[in-house]
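You will see chain A twice below: alongside chain B first, and alongside chain C after that.
Moving on to the complex of A and B:
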């Protein structure tokens, strides 16, 4: 039996459908992230799970019990809010103690539990401080400690790291994962930060327009996205048009060359598909490059270089191959990541030929994903 | 060492530039300083001086403060304290309830209309307000007659407009909207996430109110009550317009001592004014301390 089950949950605000047919099972001790753009319904789904919103239809089941009609204070869940929502009139210790106090736990047990949690989250030295006297990172830790103090069946995290700076965010997400694994708490994390979701989740639920777009492990979501939306939303992804020759054999054609590649089942023979390939997978070709081994190639002119640290991202405008009628050239700039040490070989305006590792790619149906430019959108992807 | 640059300009971090900036700031504050000096500091000094001098002989004396030792002379203070307390409690709790209702409506248009009306009503005082109430609740007032026709005899029941009770009702006219105005910001600053956080941690509505909402709102509430109290304590024109000086409260007593033919005693008026100022200072000081705390808690 799953720890948490959301079954065909549907929610509408006026004419606006916020969440449609959302079904998901979360196993005990699992950390699942809801990832998607603003307004995709992830927070509404979380709030329905917590009991702050009622679904129009569908149900929320915890440990086999339907809690859909129960108020939040009877669901046994913990929650960390965006902006923490610490009680400003209470010290860190009093905030952590609040849930235990309203449950009327014995004083000795409360004291021990609060001390244990303050120690676990490295907060012992600010136990007597008020929220306005603490840093953003400390406040976030207090919010986490307060949420887990009541030993919740399910821990809900609503964009818990959105209010802290980038460096603290990175530290805290590791800490959240450490705490979650240590305490074995079933956790739902709502975030629009893909690096956050990919780095600490057991599974990621990609949401779009109120519905689940895709569910998978971070590796699956990143390396084998099944939809153009996921491909475009998660990290930087190049979408290169190819003509499907045979879906059964996985044969696609581009530039007059036919190769085999994993082709999505919904594509038909003769249709145009999009070959998805990450910027780091495109390999610049030079005189010493080996044989193509059934891969495709593409030539482009470098328009922009973006320094990312160890790597530099080159944005290419494809130069169409003469006489190629199998597939149109890519209308978008293509991103290629190269080691920064060698990026000087391809200054802006120069021409570059790259190998497209077809077998490591995937061909999907559909239009270009989400209108998102592949290269410059996400520098930490 | 010169801090001038080659072009003749002073570098922005130089001591000379800092002196110029400081000089400009002082110059900008000059009108305010003059205003404070003329209308606050000098009158206060004059009051203190006058309260310790005999108004006839000019000799230094403590006799102006003799009212502190005579219960009969303390009646104006007792009346003012009673009137201020009653109108503060009435205005405070009714105003709080209205402000909460406005915030709960979650309609910007309601909040806008309420704020505008409250701003006007909180400043509508003095003789016009007194006449409005005489026309409404006087012995032959419109409402008095209507109620009488409906079988309710206000005056027969002990109500008198020209009394402490009547003044309390009239003062509430501006105290309630003043309370609405000063309590709206803290009520609006209460974050819904606090209630939700308390709720998911297992708290009932009452537990949330007792442990979170009431403690957070207590500072701005008490601070607002102090403002209302000071406001009522110092009010003069409305009370005078309504009672023509026959209800002895501190501001009217001061007026009588300055302008009265028989009771003319500016020295005692100064001493009474010092007493009034002391009460006002306690209210304003207390309010400043509470405001500081609530600003920390309710900062966004």
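Moving on to the complex of A and C:
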């Protein structure tokens, strides 16, 4: 258990900047995820933390000691790799024992520790098996047990679940969190899977183009994204054009109706902005719906229904309100999540009116979030 | 079978059980459908078998014969010959030293190229195949000039003379040893295994000896066999540099006791094959030689 600090870390490969001005403090026993698309620099940052890459500038500090120039084998960090990296010539038990043998621990202590860890990870029955005789999930458990065996100050997980199938992935991520909380190991998890990051992290670092886009708790990142990139990258997000009437007063207009909403400071009066709202926040309106209470409405034609289990996602093409000159209709399909039991009320081709809960939304500058092409690309998650 | 070299057959056989080739064969078997063997394939097989087996038969027919009937006497005479013992001892000694040298130099070099200096791969590969381009006779002449009696570095007339031959053997084995070890290294994810070992506190030396070497053991066994058989069967260098090694002895004895010579050629051939079969058995029984890869990288 250690405190890890990355201070102004910078790394360039050729003329390509991989990581720029990365600064982060990870507290004792905290699990922090680095989340971002491929090539955003998250793995490079992790590898610099581990010592497999040297930063061009900046430093890596563990418990107040600068370890930037220490080789990986002297940093005392455990690492789990995407491809397991188990030693193929050793059994599960021998793999777990490897780090203890390197540290020349007494034989009795090693045996006890290996047995304890194999038990903790549910691997006792494969102790004598070689990696190629084990399933992907078992191999990754051995890799975890091996990394934890040396009681590392910091545990680094490099996309540890991307090579296992979906069911095992869910089991393992819960197990990782359980183990991490139980052993109180300071942990960094690199992942491109937002559900993985949101479900088991204390904090999430969203990265883009080598820089930190945003740091926050999973709830903050999901519910109150501060950047357009985060909003577009985390979960599904609708972007509805609105005209900013007053930035300071938080007044926006759409469909001839003016309402108050949280407006980003960089927007100027009279500009078009994008109102961000999650699919589950859009509420279908029916004859019995209550007053609009200062919210906006939007009418669309259902184009596609996607069954997601408890909910069904409806993709709407907006039907422009006649004579509305305040804001153009949304060019992208809008996602609305409704309980699957009631989804039959809106078959493909039918019209649907939804309430946009304006006060729970945010209005940001009017470029498409994350620079993504037209929907439904950002509605998959 | 007047050519005393036993390298060719052994090399081909050993290459056939290199890890990479093994894996391809397994993959082919896994995906292949059962089909009837076409007639032309059988014909090619028979012709090839005759081509390879006929000289063996001729050697046996000549070596184990009095000219009229079968006898093992030439074999017993050959085995009892003093020259046979001394030349075989010399060849085995030099071949073992060459093999150890080849493994000790090539394995760490190939590992470092794979891990630290991937840009040097093309250069190193080129250097290792030079013996295919430069004939042994050129090497022999070169070595005689550079290290001969008229040279300031006169190795030939010194106690260090065997170094010259072993060095030459080492160079001649490079195309085989480098390829065998490099194939094995590329079949395992050397970088990831090395990083995993480092993250667990292992030094680079420990990582190489405890993780990498066991992971490529099959490649090392192949390389060892290839180095050993190449050195055992080498004739040109030994002959021109004046060493009475086993192949040189075989050629000489063929001149004055041809039946004994042919009987011994056949013995050496079967000894080599026993080695190849032993290697195949070791390969099957080596634990953890299966490639372990996680998934998308």
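As a convention for this text, the second predicted complex is superposed on the first by the 367 of 381 C-alpha atoms of A that agree within 3 Å, B and C clash if a C-alpha of one lies under 4 Å from a C-alpha of the other, contacts with A are read in each partner's own complex, and residues count from 1 in each chain.
One rule holds for everything that comes next: contacts are C-beta pairs under 8 Å (C-beta built on N, C-alpha and C of every residue); 3 or more make two chains touch, one makes a residue touch a chain.
Note that this is a predicted model, so its numbers are computed, not measured.
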What does the overlay on chain A give for chain B and chain C, a clash or a fit? clash
Which of chain B and chain C A:99 touches, first, second, both or neither: both
What is the contact status of A:83 with respect to chain B (first) and chain C (second): first, second, both, or neither? both
Applying the document's definition of touching, compare chain B and chain C: which contacts more of chain A? C
Between chain B (first) and chain C (second), which, if any, makes contact with A:163: first, second, both or neither? second
Of the partners chain B and chain C, which touch A:136 in the superposed model: first, second, both, neither? second
Residues on chain A in contact with chain B in one complex and with chain C in the other? 50-52, 71-73, 77-79, 81-83, 85-90, 98-99, 102-103, 130, 132, 146-147, 150
Residue ranges of chain A touching chain B (in the complex, touch as defined): 50-52, 71-73, 75, 77-79, 81-83, 85-90, 98-99, 101-103, 130, 132, 146-147, 150
Of chain C, residues touching chain A in the complex: 188-189, 192-193, 195-203, 206, 210-211, 214-215, 217, 287-297
Which of the residues in chain B come into contact with chain A in the complex? 191, 193-194, 196-204, 207, 211-212, 215-216, 296-299
Enumerate the contact residues on chain A facing chain C in the complex. 50-52, 71-74, 76-79, 81-90, 98-99, 102-103, 130-132, 136, 139, 146-147, 150, 156, 162-164
